[in-house]
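Both of the next two complexes hold subunit A, though its partner changes from subunit B to subunit C.
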Partner chain A sequence: MLTLPVRCQRVSCQLLASSSTSPLVQTRSYATQPKKGQIVKQASQGFKGKKNTPPGQMESAKKDKKMMAFQPLPVSQLPHPLFESDRPDSLTLQSFHPEMLTRVVESQALKFPHNDNDPFRIFGLPRNILVEFRLLSKPCSVIRSVTIDAINKLDAASEKNSKESRVVFTGPQGCGKSFLLLQALQYCNARDWLVLYIPRATNLVNSTTAHTYDMRTRTYLQPIFAYQTLQRFLKVNTPRLEQLRTQTGIEIERRHPVPPGTPLVELINIGLKDQGHAPTVLDAVLEEIGKQTIFPVLLAVDDFQALYCKSHYRDQHFSAIKSYHLSMPRLLLEYASGRKSFARGAVFGALSMSNTTFPLPVELREALSLEYDRPYGQYVKRQQELVEYAHGLERLAVPSSLSVSEAASVFEVWMKDRAVPSKPNDELFLTKYSEASGNARAFVWKGLLSSMSA
Partner chain B sequence: MLTSVLRRPQGLSKFYSSQTRPFVPPASLNSFDFRQRQREKPRPTTPTFYTARPEFYDQLSSLESALQYAKTALTTCHLLPLPQFAREALPPRVNAWVDKRELGLKLRSTLTTSRYRRVVLVLNELETYRSIAEKAGIMELQEGIRGITELFERADAATMLARGKAKPVKLDEYGRSYTLGKRKTSSARVWIVPVQQPPVDKSTASQSIPAVTEADSALTALLNPNSSSKSNEAVSVAQILVNNTPLSTYFPIPADRARVIHPIKLAGLLGAYNIFAIVRGGGTSGQSGALAHGIAKGLVAHEPSATTILRKAKLLRRDPRMVERKKPGLAKARKRYAWVKR
Partner chain C sequence: MVHVLGVQLPDYQYARFALTAFYGIGHKTAHRLCARLQIHDKCKVRSLTPHQITELAAFLSSPSTSTPIPRFPLATSSYKPPPASTPLAVLKEETKKLSQRAWADPLRNIKIESEARRVVKDNIAHQRMIGSYVGKRHAMGLPVRGQNTQNNARTAKKLNRVDRRG
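Our next item is the complex of A and B:
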């Protein structure tokens, strides 16, 4: 059983001998998040040797415990008449149903369905969208013309190999790329695809999760992240995965090989039982679902550009570890570049232009033929590996400004949710729309929600 | 004249003479050929001959006679003497007469200041009578006086009079206005053009129907405020480009954006005009203030009815506040050094 030390604000590097995993597991414990409520202070180690640490806890690789802001109070705690808790909810939206997504419903707001195994709830959300959904009474989004374009692409991709449908959403900051990815994800989930969603790819490369060097693959494995991914993938796609079986035998280290014909759910459970096996199992699972043609597969990655940047991990020489030397980013890069593919499905990515720690690298910029923000000549080094990983990516440009009808729907949603502090009239709408030049994030956050006017 | 003197002494109506004169029988003078002696000097044409500057006084007298004529004309029309309230009601006129040298050339004599002033006094009076005639509507008199006064007006009288006043902003052949706005050390050059409405491509058959549904939808919207009914009217939105970038990209701070939009919002012209601006100098708030100033002036050029509200909001005024200089003995403009008791 892999044991993980849990510390608080002390850098400690422990070498642990574990029987089930590779002999040397190097963990940077400052990088892992402490479990809530159990902050163990470390006394000086001295010559006492290995301490008894609590058994390995589930690392919350994807749940952001710091987002305690914007937690809305429950209605029962708002008895004052000023809060108007008894007023009926005026936000009546139709449900996001794949059949109704045609040009007719363009610039209409639809609410996302509320399921137990909803991909949002299980996989998590990008930070901005999480905060927004906490403020809104129900998670919803506006269908734009670019949504219909993306959905048409998905419909076309469901019959083809994922090599031919590797799409990246581009556009300036705040134009709605992450939201578009969410809409694509919900569409695919409703259409009975197998979905794998990575809401914050920055968490793969910003050294918040444990990494261990693996001699066999000669890469750094990220067992905890792989474990979490398997867990969530299984939870969201259980009814579909139960119908699938492995087609070839799979070899897992320190274990007898998994015979062909094993249900995929069983294969996944092997990875869930032992975190050390998780990366291998994840690789195998994705390969198996890539061979089958019953269900198309969607691999959706937000903060896509983080996969192409140098990670924040350091090796023993204190040089930054390349992203393709880490198991999870490497896996995603291989599917994004077409080296591995799904028989039916697509790989969708959304760039994040507002992240300054992981800015858009030049290789990806050139592959997507985006404009340069600074002069890049031929003397700027482009890493050949990243150029190859970025080869063949298709660009879907999200329009930088909302159209008037789309903005009107967004305005209506926030107005009916009684979230606009100013008087919601057409003058406010036009003022904020002009101030934001149509940009969605600027319109909502810096426009509608930030200002008070008579 | 000599013969008349000899024949009949002038002025003598008396029969007695105070002065003895030799008696010359008239018949003896018949043989003399008294030709009119040629004058060495011609008889002066004007009475001003004997003055130092005849041309000047000629012109002056003609001006004064014109003035007198105008005065009598207005008096007959009972417009003179004008009561105080009427005189105050006349538009105040600042006159731009030619300068002393030019006037001297016109009057063909060099002028001293006192003579120049005298002419200008007359011209001012003429101008006053002209304005009275204009106000009263007596166009012939007004045109007559104008014919005289325009001879003495400066060529660039319009520019002289408009000195210190704001130049009226003209729209060019595409309907764009070009204005300048300033704040602190920033300057903004602003071009404003009306948003072009897309041509309505509905068929004529459906033209009449929307008119009915619009009224219906407006009525239902009034009666049921909670119901949402979207009309199919196209909403025009304004595009604002600052240094060729959209407004939200150039000004990330919401306060700066609001400052730029404020004049458009007050004038009620949101979505009506597209704006292109080049701003230079200063920092963000200075640039946004300069842009707001330029936009306000441009909007007034397109919609003069917005002048009142923009003036009330002090948006047409160039904010005179600038960075105050540092003074000696002080750490900054106002900040004093720490006071030490000893």
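Our next item is the complex of A and C:
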């Protein structure tokens, strides 16, 4: 089905409309506009291209080709008047505002706010959601009953220690766990919480970032990931961090200690100046924000089950390194298990059931009282450390199917965005809803976007 | 471009794949080498630190005489690390006390480049010396392993000889 290239052209058409003299202004937060002076290269094809082009150019052409997935076509490639659009933008959504989130707005689609320190832009997004937001004209989501439940939990957690609010979203694949986590993240950000979001926890354990053994902590540090996390945490939470100071002295390797009363922003900048200090500084920063009671803290992790799986890292003797022997997963596991906590706040995680490289392990399954997918008798080994790290996690089950009104809102969003290739009527809606049996991902991707009917 | 022991490793390649450019190193050995040098799977050659490149060159120049790496102690779930101001010498001492002796390391027995080629040459020369069928076939420049010679056998006719290049 060739809906996606059409989609890319459609989006570019809107860009063209915005650049033309028509009164329409279509802003897409996630669309890439060609930068000034940037030329889009086509990858060379065939042996001729490989022989004549130098390796550097081939590499950049390949990279452009990879990055062009679901990116709009450049405006210069769409001169035909067919791509001009003079219809007004019909997708008008209310903004996602924390005060609005009550049972009254259930089943309504709300657009996420767009600002400079948007946590989505800075922390990143899970891959599926990133692709979806690139296709939509504006990032939005539908408020479900489970959203209001999660928000009520957050309101309760804002006054309690995070040890008492360690929640994991569970449900079958494609039911909306990652979206729910995003809604919780946006809610907390709007409510002036300190937020730390790890969109793809698989990147911590799949051997894609540097690791090095540290004698002091007896774990494998991941300095680059810690550095990037610090950078993003600072960028999103700068106004709040500027009001906070360290309460105790902090020791850092190969450096004089940081005295108490130092602004947290200054402490973070120490970690940003030298990547080697980043893991220690990140530990210290999280401890400091755990002690303060001015702002509640949300630690949100997607692909949560990856923290409990075997990592792809190998030690110097080629034995697999356990996830709790890597600095970043260990840090997240300590907060998830309650060994470390924030004075006010919560730890939220979302499982990813469609990742076959990091499937849900038995220790986490038992901690969350989920039903087994295969027989696990008493002779199946459970790692005691992981059982301890999973102890006390609370489960919030996301309903496996959207209700009819929620599905109708989703349908309306895609319909008004002019993304549905078939004729958008009740028959299509009910057919696709029944075929997907209410599953959100199947409804949108396999139902609406992938099928064409006259 | 990084040059290690006469072999060029392109910058844009993953280090784990680039190491297979050495004669005698395949994918499994390359994976073990990367693990020994603490190079993660998706590390590109341009991201290797000078220290890692030096270690790699030092190891590959003489794998059998490399220092064995002990098994470092790993933190238990209740381990509380000492403060960051602890002197390095104290940490080294403690780590050394708790480190376990390493088991047999398969990487110490690898042979690369000229050594590996010499092994192949020596094997063929030995076959010739003892007058075996395999040796005779190498000397005649014909297939050794029972392939058909009525047709094909082009590779053997081109490459097989007593001093066959590895």
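Note that in this section the second predicted complex is superposed on the first by the 374 of 454 C-alpha atoms of A that agree within 3 Å, B and C clash if a C-alpha of one lies under 4 Å from a C-alpha of the other, contacts with A are read in each partner's own complex, and residues count from 1 in each chain.
Keep in mind that, in the parts below, a residue touches a chain if its C-beta (ideal position, glycine included) is under 8 Å from a C-beta of that chain, and two chains touch if they have at least 3 such contacts.
Being a predicted model, the structure only gives us computed values, none of them experimental.
Novice: Touching A:447, do we find subunit B (first), subunit C (second), both, or neither?
Specialist: It touches subunit B, and subunit C stays clear.
Novice: Once chain A of both complexes is superposed, is A:260 in touch with subunit B (first), subunit C (second), both, or neither?
Specialist: A:260 contacts neither subunit B nor subunit C.
Novice: In the overlaid three-chain picture, which partner chain does A:431 touch, first (subunit B) or second (subunit C), both, or neither?
Specialist: In the superposition, A:431 contacts subunit B only.
Novice: Spot which of subunit B and subunit C makes contact with more residues of subunit A, would you?
Specialist: C
Novice: Classify the contacts of A:252 with the two partner chains as first (subunit B alone), second (subunit C alone), both, or neither.
Specialist: A:252 sits against subunit C, while subunit B stays out of touch.
Novice: After lining up the shared chain so the two structures overlap, which partner does A:90 touch, if you call subunit B first and subunit C second: first, second, both or neither?
Specialist: Only subunit B is touched by A:90; subunit C is not.
Novice: Once chain A of both complexes is superposed, is A:412 in touch with subunit B (first), subunit C (second), both, or neither?
Specialist: first
Novice: Looking at A:211 after the superposition, I want to know if it touches subunit B, subunit C, both of them or none. Which is it: first, second, both, neither?
Specialist: Only subunit C is touched by A:211; subunit B is not.
Novice: By the touch definition above, which subunit A residues appear in both interfaces, subunit B in one complex and subunit C in the other?
Specialist: none
Novice: Looking at the complex, which residues from subunit C come into contact with subunit A?
Specialist: 10, 12, 31-32, 34-36, 38, 40-43, 47, 69, 71-77, 79, 81-86, 88, 91-92, 94-95, 102-103, 105
Novice: How about subunit B: which of its residues touch subunit A in the complex?
Specialist: 226, 228, 230, 235, 237-240, 246-249, 254, 257-258, 260-261, 264-265, 270-271
Novice: For a test of understanding, state which residues of subunit A touch subunit B in their complex under the given definition.
Specialist: Listed in rising order, the residues are 90, 172, 400-401, 404-405, 408, 412, 427, 430-431, 433-439, 442, 446-447, 450-451.
Novice: Which residues, counting only subunit A, touch subunit C once they are in their complex?
Specialist: For this pair, the touching residues of subunit A are 55, 59, 206-213, 215-219, 251-253, 257, 280, 312-318, 322, 324-325, 330, 385, 388-389.
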